[in-house]
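Everything on this sheet refers to the single structure shown next.
Order of writing sets the chain letters: A, B, C and D. Residues in each chain are counted from 1.
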């Protein structure tokens, strides 16, 4: 088990370095240089190049970049706010994004799991059809469409929640973004839970449990839910990634000061350095989540955790 | 000596709804299971042998429907009274609470899939004991269940009676009205009469219902009282013991004596707890005991194992332990050794036989292997296409079979002690019950088929008190047919083997 | 109640109780009078699948909706005289108005705040079926023009799935061993960079446009498909019927294409159906962020983005057509895929 | 049933098959199993799950590469494992290196001694050193030479094994051609007239042509356990049966293809109209018949039946076994019948091998195994089979055998001849003990 975890961590670090290298190459390929301000003289530009180490061979640059990144230094922003360290720029935004993302995942996973469970238990009834309908709609409609819908009808027309995020009420104003973000998670988890649960409800051990007198909630809780949770955990990782994508637009729509909206701003104002840094942070989060889920899977499933005896 | 019937299935018929149409999987099955005996149901795949028992204990797949029949179980109440009761009148909830596991338990075919992979085997064994930890409540449930089932059944019956009476009146009314119209007579009298009649039966129905309700309430409260009395008696026993011990302690200063009395008090308290509650400690010790009983060595260690850590034979032993956890009367074994190796099969069969001797439970053994039947059964039912085609005592089925299908089955089973170069076989394969067979479904494969077989199925002909077979060959009008010579020789030889073995 | 009676009447057939044997009934049957091992005809797999699919009403409706949208995407822009990039600033922000449907409050050309601009400007013979945008462009034409882009992208998504994803997965799964571990590593690395990041970076390096979106899809779109085909391949290549072909001396190509592929193609098609809405969504998302198709070209994403940033709260009708088409398209493809999956694998729906 | 005069159709020599699970774990499935199958006979391979019986079948038909040992089919080596040769090379190298190191260190030690002893007289010391070197050199050379010999030999073996694994079809063609040559030598010699010569030549070249087209592997066929899983669900029965014909282009026209298929289908008791159906429309027994037909259309000399009846119902099992017997009588095909059920094996087999944990613990004719079982495992297996005789069954006490607690080590045992062709695996003492009982 320990060996397995170490191996996974090793793989993750390797992948991260590869990603960073790719990002770095892309950065170099970006059209124009960051200092193409026409007012700059040739000398001044050269001085800037030297300052940022842009005149050295590419592998040296990469190595420097790598060391900097490990120390948490992504360089400075060129366009959004000149010469501000990216770390500062990202700063609090990262935590806002993570908090809203976490809210959405937790809410989505719980609601989705409940929906899927109900659908499976009440198989072939109106409940089942309802859950299926909700999940199909949730999977099909992009989160920003939900966001718009919520903004227009709930916030604008209904006036229930604020139209945009505000620092003064970080929770209340994050309810609508959380809802619109979690729609996709709810739908996917519900779908997956339903099919897994159906399979488990049909299994031999459920039949044995019934034949030994278990019924109702006890039966479902002790045997079905536990066994369904294991595979459901595996689909959480890709879902969290989907959430990141969604968060980009949703943060923009609700003007949340998070890294998603920062990324959009950076893209729109061609601030490559920020884009690269954020891309790396996204990759890092993704890989860490995958790693955690992988390890979690091993911990939860006794078939992996407890080795077979000879 | 009159034998004691534990379970008897009467005219059970089950249909499955599938994508491609309705399948009449069970078409009228009858059999009786006696206390302490083993009944074997033999049949090929699709003959409906395990569906029958699954229906009997209420775990039929959701697309199955019971059309008719009764499953009469001799229900032993907590207070020692015993009465036959139809299990098909039980709701799912009542089944689980009072029957499954506690009175009838089941072992399934594949030990690899019938254990929950994420739960320790000890927990799985203890589960059914700890599911209803309050013994007093369980006792009440037990007592009330049979009442409840009766009550509900009576109500249903009453309603059906009422409906049918109503239908009758309606029909006669219609007739009267039309006749009256023909004769141009006034219809108001008839209408009034009709209304009165309806009212009459309605009040009768309501009264009956009220009666039933009242009776049920009465018996409910009396059972409640009984239970309370029982609890109080237990409590009193405990308190008496404690009081007596404390009394005795008062006048004595001997430390040893006091310690002994304290112990008595403790044990009285413990007794009370064990009589009213299933404790975790008890469940665990029982689980250990069961694991030892089914022949698992180092049970203390094994109890914390997960299923994937055990071999197939071990897992089947665990499944047996689970089935025995609440000391059932009846154990249903659904092909428990089919998925196992021959040598392990021999061990498991041995174990089941030993357990039966020790615990005196009745067993329904479902299998397709006649050799296994020969080893374990007292009474045998041979099933084909959803029907029992021959049933009898084990010796009758193996030494004096009467149905051509049984002949075929027996002779297609290879025998280690003969040297035939060819096996006798039944041609063709079992029918697809999706397509309703005309007449006897075995006809196309039957070498001895009569013309009448293509028209109607044969009734159960009685051969002896215990031996029945459903084949027209036994009809007095049919030509006399002997079993195939190869089989006859073989049976003679087997009898000889037996005598040799005895010597 | 009635149903039960029907069953009973159906089962009231001949039994030994109501049948009196005739003479000759107790004669032996001759061999040729019965048929041993009757085989009942049933349809072949694909026909069966089709029947099951057409039983699923939702899926059929979804299919019809998709067909209608496709037709509109082809012919919609030709149905009126406006061109998709025709700017007419004097007729900006006109509400929807359809000839003959003016009695409907939705399509009478009036708005809550601004009143009926057609009447206000006196252009009573002008009709914008879905209204016009802030530059006075016809939303009907632009919506179907945008739908075209989305559909083209979905076509490419299918092609990428089929060509890259499927062959990658099949090869990796079939050969197994070292080939598989190298190919899986590569896939893992690609997969551990979020799609979002890849697409964004690509769009920044290359010029935004349809071609770039397709390239971006090509880099990441195949992974899901390759995983599924690899898993299916792993499952099937150890199946006995494949082993049989192997022992008969079949070559690799024959094994893959003649033995294995026909057995998994159903699942693969289903998965392709699921990847279409993904591709459409990716485009819409990119356009929304501002990396999509450059103006004056339209795509569903850019239409939504435009309408949102320019007039969402003032002229909400402008955002509705692309939004509804996008939603319908995504929903229909998802339902269609669901229906296909259920038809191909009836186990999931149960008997 | 002794057929020692004829050449065996299949010969398995010391077959070993290990599987790698990951870097550290290896599952040893088969440990050095040897047996022969003669033309037209049935060899039953019996064992419980995990005994490696299916692995042996699949290794023989080359679904797996074998780890070690040889498989000869019709006199041609069709697979050979090289792991033992590789091991031999590795260990010889290690041993030699060790020896060389020892020798060199000894030599150096002596040289050092000489050097310190004759530190003043360099000439003398050099002379001694030369002598010492001359003494040790040949020894080192010899060791190295020996090592090289072994390595070369083993490398040669590996090369030839690898060559055989790839080129056995060519070897088979060569064999057929030489046989034809032998056959025609006297004919050519007898044919005096030119016309006769020409005729003989024509016949000769025709046969050679045919031989060149004949392949070896299609003559070994396999029937699998699960009659449903072994038929491609998307293909019609006709195409399933004809797959082998398609692969080896064994027909000239589609009508010929159909004729061949129908001929064999009829022989196994399936009707012509059933050829156009899909597998799911058949019952289990019929599906297995289709599986048998698929093997038969290739005119095999050997059919490996891997648990081909264990998934079927009792009455159907007997049908299939009877069918296989009929076919054997008609075509003279040999069977390797792999099963876990000794009672069915008894009906069909001429000889039986009992496998346990990858070792062939007992082998002999059916009579020998059933009438005089020696190995305790065989005995327990025999006693565990339930027979349809209740009176006997109810009093019978099965013999239990547990390898872990029996103190028997299969690795220590060797094959002992009991009588005729009856061999048992065990040490001398064990065999004696078992025979006494």
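Worth pointing out:
Throughout what follows, contacts are C-beta pairs under 8 Å (C-beta built on N, C-alpha and C of every residue); 3 or more make two chains touch, one makes a residue touch a chain.
Treat the numbers as computed from the prediction; the structure is a model and nothing was measured.
In terms of C-beta pairs in contact, the better-connected of the chain pairs C-D and B-D is B-D.
One inter-chain figure worth recording: chain B and chain C are separated by 50 Å, centre to centre, where each centre is the mean of the chain's CA atoms. Measuring from the averaged C-alpha position of chain A to that of chain C gives a distance of 25 Å.
Residue positions of chain A touching 2 or more other chains: 123. Shared interface positions of chain C, defined as residues touching 2 or more other chains, are 37, 40, 42, 350.
Residues of chain D found to touch two or more other chains are 283, 286. Two chains count as a pair here when they touch; such pairs are A-B, A-C, B-C, B-D, C-D. For chain B in complex with chain D, the residues that touch the partner chain are 44-45, 312, 341-347, 349-350, 368-375, 377, 394-395, 398, 408-410, 412-417, 420-427, 429-430, 432, 494-495, 497-498, 501. For chain D in complex with chain C, the residues that touch the partner chain are 58, 61-63, 215, 217-218, 220-222, 224-226, 229-235, 243-244, 247-248, 274, 277-278, 280-283, 286, 291, 294, 298. Remark: chain B residues 15-20, 63, 67, 427-429, 431-432, 434-435, 443-445, 448-459, 472, 475, 477-479 touch chain C in the complex.
Note for the complex: chain C touches chain B at residues 7, 14-17, 19, 21, 24-29, 33-38, 40, 42, 346, 350-351. Residues 11-12, 15, 18-19, 22-23, 26, 29-31, 123-124, 136-137, 139-142, 144-145, 148, 151-152, 156, 195, 198, 241, 244-245, 248-249, 252-253, 263-264, 267-268, 270, 272, 275-276, 279, 282-283, 286-287, 290 of chain A are the ones touching chain C in the complex.
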